[in-house]
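In what comes next, subunit A is part of two complexes: it sits with subunit B in the first one and with subunit C in the second one.
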Partner chain A sequence: MSEYRVTRRSALGSNALRSERICISALPEGHVIQVMGKEGGPDLGAFLSEKIGGGAKFAVRIAAPFQWYVVGDRALSPEETDTMLDTLHPHAAGVDQSHGRVRFQVEGAMVERLLAKGTGTDVSVEAFPVGHSTMTLIGHIAAHVTRVGEHAFEIMVLRGFAESLWDDCARMAQEFT
Partner chain B sequence: MASLVPCPHCGMRPKEEFTIKGAAIARPGSHADANEWMDYVYLRNNPLGTYDEYWHHTSGCRRWLVVTRDTGTHEISASCDVTVAVKTGVAA
Partner chain C sequence: MTSYRLDERGLIDRHTKLPFTFDGKHMTGFSGDSLASALLANGQQLVGRSFKYHRPRGILTAGAAEPNALFTVGRGGRTEPNTRATMQELYRDLEAKSQNRWPSLEFDIGSLNSILSPFLSAGFYYKTFMWPSALWEKLYEPLIRRAAGLGTASYERDPDAYEKCWAHCDLLIIGAGPAGLAAALAAGRAKARVIVVDEHAAAGGTLLWETATIGGNLAADFVTQTLEELRSLRNVRVMTRATAFGSYDGNVFGVLERVQKHVPEPVSQKPVERIWRIATKVALLATGTEERPLVFGGNDVPGVMMATAMRAYLNRYGVAPGRRTAIFTTNDSGYVLARDLESAGVNLVAIIDSRAGSTFPYGGKARVLRGAVVTDARGGRLLSSIDVSFGRRSENLKVDSLAMTGGFSPIIHLACHRGGKPRWSDERSAFLAPETTRGIMLAGAADATDGLAGCLANGAARGAAIAQELGFRPFPFEPGIVEGDVPAAPARPLWSIPGVKGKAFVDFQNDVHRKDITLAVKEGYGHVEHAKRYTTNGMATDQGKLSNINAVGLLADARGVAPAAVGTTTFRPFYTPVSFGALTGAHTEGHFQPIRKSPLHEWAKKNGAVFVEAGLWYRSSWFPRRDEATWRQSVDREVRNVRANVGLCDVSMLGKIEICGKDAAEFLNRVYANAFLKLPVGKARYGLMLREDGMIYDDGTTSRLDDGRFFMTTTTAYAAGVMNHLEFCSQALWPELDVRLASVTDQWAQMAIAGPKSRTIVQKIVDEEISNGSFPFLGAKEVSLFGGQLRGRLFRISFSGELAYELAVPAGYGESVADALMEAGSEHGIQPYGVEALSVLRIEKGHVTHNEINGTVVPADLGMGKMVSATKQDFVGKAMVSREGLVSPDRLRLVGVKPVDPRASFRSGSHILTKGAAETLENDQGYVTSSAFSPHVGSTIGLALVRRGPERYGEEVVVWNGLSKEFTPARLCDPLFVDPENEKLHV
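On to the complex of A and B.
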């Protein structure tokens, strides 16, 4: 038995990088449920928002065709997660990714310029309106990007890459801070 | 190679987000003889001009696509989800 106890700690802690034109801040490690619908099946966005998203803004995000993420700031108990996953049956299947994906927010007047350094996706508000989300590469790291405001994006990334992507974003923000 | 690839689900994306499998050609039936399988697995025509290829949007929507690319100019004239391609007979 190791003398070191395994302890849970957040991937990004309470890190924040704040300046007038750009601000990067870690978001609570709440819940992330990946929902997989049936190939060629219906759009479950409204269903998910009502049944398991609690109607919260930006709770349901498109991940891919017939796939969604349901995210929230509140950590769920195993029972709550089970109830949520049962609700999906038989329309879709769900996987709890709460410990696998980490979110942080990038906001400020220069946020589009910052992201444009790392991704080939058009992040202008015309092509990427508020509420829109997509999976893309930022540098060499795949991340799920959601626009949550005119000058604010949420970035969700695999836990193991969270610190690296945070550092990349901080470096990309350097000229604006 | 084209730098920007149109994904039918995600829009224009850099080629770095994709993995290319190769020619989108019809797979032989399960009872096909060894020669047909030899052709399918190893032999390619390598034409100059329009070419259908399987591309996987690995770092995006993770869907398999059929991308129609000109091997001479690298211009991409079409791309569609593989399920659509199968329905319309582009891929099998």
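On to the complex of A and C.
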């Protein structure tokens, strides 16, 4: 069936919710590489940023102790993914999570208020500056949150929960739309 | 009808009239009124009936402690019982109804209880409803239940939304009165992150009715100016209508914000109530004090009111309490009220001061009776007179309103919620906050500071000190000189008033009067906690805010000890009632729990799947066709089609874990009971994971993708648990092993293609050859698909017992690949099948799930004893799996079971009895773990755990369903109902 054209379905499509004070928009399903270093090993943040993050802003996020996500908007071919994973050796192991994690962005003047409806993490800019990431619960769903601007956060969530979390965030945003 | 609105005075907006109804009567208030103040302004002093005796009751307070004015507010799904009129803001067309009366508030049949009151003392129902026992459930309980409770909740759906929020700050200030506002300014100016919460609609606390001036300004103007400055500070947030109801570990405070409880029609975009969880470095309780009532006869007659409340209604709302007013006081605060009443033109008849030696320089017109007490208040639905006793004389004074004040107790609830014990102060005749309050400080009157000037100064100092301690540069705040302030110094308490004739209430809400307290002591319930339960003092919505101190004083008197020896009952959340709606928050209906969707969800949907919730997952249960009337018809067809042709099932929900690292094989060898160290690359193996106690924890297949990379599948239910278990093993048990773990459940869409024609179909999309020779049973490898368009992982494993494959592709491509397989298989009769058919197929093959792996079985129980490695040095569960009890031949072991009569059926959970044995648990031989109708066998079949099961194949037994009293003759058999030699797997 080589003539059959395989197509990709995005978890959130091109969903967007826009208002003056809050905006929620799906991000491209590019690539997400989970990098797992060794406990007690070196901080690979700079290495990852240079070698596989391409130096892009916020491309490398802390996922857990000695673990990182390398994130980008461009979908990689299997070969590119292999090359990226090979680059990690011997410092770390990597796993492709490009389809397993879905990203969307929440932004606007009320973004901190919106997130406060879901997460117990202090997301004020003093406690959670631009570039900072954390794993947290938003309502009942685990999500990885990164501040990408003074009033903008990127949410990364397991694909299976993406629609549910989107719905929850849309509901949280109702007050500001 | 004696209370009335003054022509001027108050902070209400007299230009905005608000119509409302009370028990259907049309009334009018003003914007800025509370429901209570509006009722008083309309002369409505009778507002409720008491709980037990149905005595007429009036408005007692102006705040959260109100025990009498509890109304049902709203209509339809927005009906809310037990709303405190003192806390409810008036809004246009508000509907309020009184409670606990029939047929009307004025003429309440229940008031006959007052006549029966000699028989209704505390604990009467413990003694009364004893016999005959036959009436306990039939008469007494229904009767008591009907009589009990206040208000009725609506059965209609609540149309409004609720939510929960988090907030974080350096300093949380609870109470926006003088001390709270001063502290907020001091800390806010120092740049600390400050949140101020106040339970009332407007910030200001007592300043809203204070007549003293601050820095030459009216107190209310001081509030306005202070709030303006606070709102200009980005680091300060002031929240009104927000009650701090609980203090929790981590210095997190629960706060209920009434977002839209004051509007006629809440907008749907906003919640009506919101619970805040505020995490703070330091909390400052500026919660003020609670004024203590005085326990004289008839102290509950409408027209009797707390003195502070009377002052609040007078100065804040412009409402006079009556035409002839008296004040009964134990301290100087009564004279401040007297001053305000007289300046408002209210006729003040007398001040009854319990202190013989009081020297307060009162210059008003009213009589001052020093060393005097009110013994009884008289009147029915409204106060008509009071009996005053002074010296050996007594006098009856005609009054229609009476203010009472027995002193002030600091409000310290939140300081005690985490277990702190309050301290008794003889000086103040009150309990003070515990000595040690982790992360909590107190300010102002709550900190036993007297007077407005003292509270302002104390608050400012506390705010500055906390800010400094938290590392901020303090910024002094000088509130200005206070003039006209009358600090009410603590006075001698007056627990017991001599000469009382009528019922003297201690707890207004629960109708607990003075004699109930002494009765409790006489009957052996003198401990404060026992007395509370015996009398119900301190229960219900007000939780004893007004009554506890008087009860403690009376208990102390009755027991002949000091109040300190009596102690107090335990302070627990909630400070005031919190609705279930708010506690539930946004998690209702479709948002009750998260929905987890498979990457093949849309594929299943377009193929007509009926979904079932499995944990959080939505799984395809079966795929009905138009000509099928029942689910069984669909499932039977799907099962037959898999056995005859080929089916496609979404198995993406299985847990998937990648195990990487040079020690990954050794790691798995220790995790599983069977061997994994030498699993070749390109091969899958079924594995049994044990718990430390030797019982099976989970099972699944694990494939070796390359030397240092394995792909594990777990059961759907245990995906997270196994991941946690592996992390524990890696981090805690064997940290020396080089292993990394990643959950990849969501990365892959996985589908089972099962049936004799599966290879033909799978081969159409897989670029490499997958013949039995090149890709035999238990093969596992990465494959190229669709001419190199995609890479996937192919596993030759089978849960159905047929020739089968599981194909994993990146999740986003799952639907497209499943579509392609359906297209490729259309000429071969491919059909989708759901988890019901999957379950039938696996039962027919005797494959186990967590129905069988139920925490009580070891591998040998399931016929897998030989899988447990005897040669491995160690693995999880090794030490315990060979315990004597776990190798006993008498253990329950897996067998098949089918009915003797194929038309008969049985259910999972039924028990197995030896034929002819009585249906007793003593005769229990085991139980059915799984059952289904097997189209292949032509009857119901089951898997069962039966004592010495494998030794009893062929034995006739009885399947006993004790719940529905069904007895089904059945026969034990080999659990492999289909292809017992497993030939189909290897074709």
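The definition used in the following text is that the second predicted complex is superposed on the first by the 170 of 177 C-alpha atoms of A that agree within 3 Å, B and C clash if a C-alpha of one lies under 4 Å from a C-alpha of the other, contacts with A are read in each partner's own complex, and residues count from 1 in each chain.
Here, a residue touches a chain if its C-beta (ideal position, glycine included) is under 8 Å from a C-beta of that chain, and two chains touch if they have at least 3 such contacts.
Keep in mind it's a predicted model, so treat the numbers as computed, not measured.
A.B. asks: Which holds for A:15: it touches subunit B only (first), subunit C only (second), both, or neither?
C.D. replies: In the superposition, A:15 contacts neither subunit B nor subunit C.
A.B. asks: Please work out whether A:25 is in contact with subunit B alone, subunit C alone, both, or neither, and reply first, second, both or neither.
C.D. replies: A:25: touches no partner chain.
A.B. asks: Could you tell me if A:137 is touching subunit B, subunit C, both of them or neither one (first, second, both, neither)?
C.D. replies: A:137 sits against subunit B, while subunit C stays out of touch.
A.B. asks: Regarding the shared-chain residue A:116, is it in contact with subunit B (first), subunit C (second), both, or neither?
C.D. replies: In the superposition, A:116 touches subunit C alone.
A.B. asks: Between subunit B (first) and subunit C (second), which does A:124 come into contact with in this model arrangement: first, second, both, or neither?
C.D. replies: Only subunit C is touched by A:124; subunit B is not.
A.B. asks: Once the shared chain is lined up, is A:64 touching subunit B (first), subunit C (second), both, or neither of them?
C.D. replies: A:64 contacts subunit B only, not subunit C.
A.B. asks: Is it subunit B or subunit C that touches the larger share of residues in subunit A?
C.D. replies: After superposing on chain A, more of subunit A is contacted by C.
A.B. asks: Go through the superposed model and pick first if A:87 touches only subunit B, second if only subunit C, both, or neither.
C.D. replies: It touches nothing on subunit B or subunit C.
A.B. asks: Go through subunit A and flag every residue that touches subunit B in one model and subunit C in the other.
C.D. replies: On subunit A, the overlap between the subunit B and subunit C contacts is residues 39, 120-122, 127.
A.B. asks: What does subunit C use to touch subunit A in their complex?
C.D. replies: The contact residues of subunit C facing subunit A are 163-168, 193, 268-271, 277, 279, 586-587, 590-591, 593-599, 602, 616-617, 658, 660-661, 708, 731, 735, 738, 740-742, 744-748, 764-765, 767, 785-791, 810-817, 820, 823-824.
A.B. asks: Spell out the residues on subunit A that touch subunit B in their complex, using ranges where they run on.
C.D. replies: 39-40, 63-65, 120-122, 127, 134-137, 142
A.B. asks: Which of the residues in subunit A come into contact with subunit C in the complex?
C.D. replies: Contact set of subunit A toward subunit C: 1-11, 29, 34, 36, 38-39, 78, 92-93, 95-101, 113, 116-117, 119-122, 124, 126-127, 139-141, 158-161, 163-165, 167-168, 171-172, 174-175, 177.
A.B. asks: Can you tell me which positions in subunit B touch subunit A when the two form their complex?
C.D. replies: 4, 9-14, 16-17, 58-63, 81, 83
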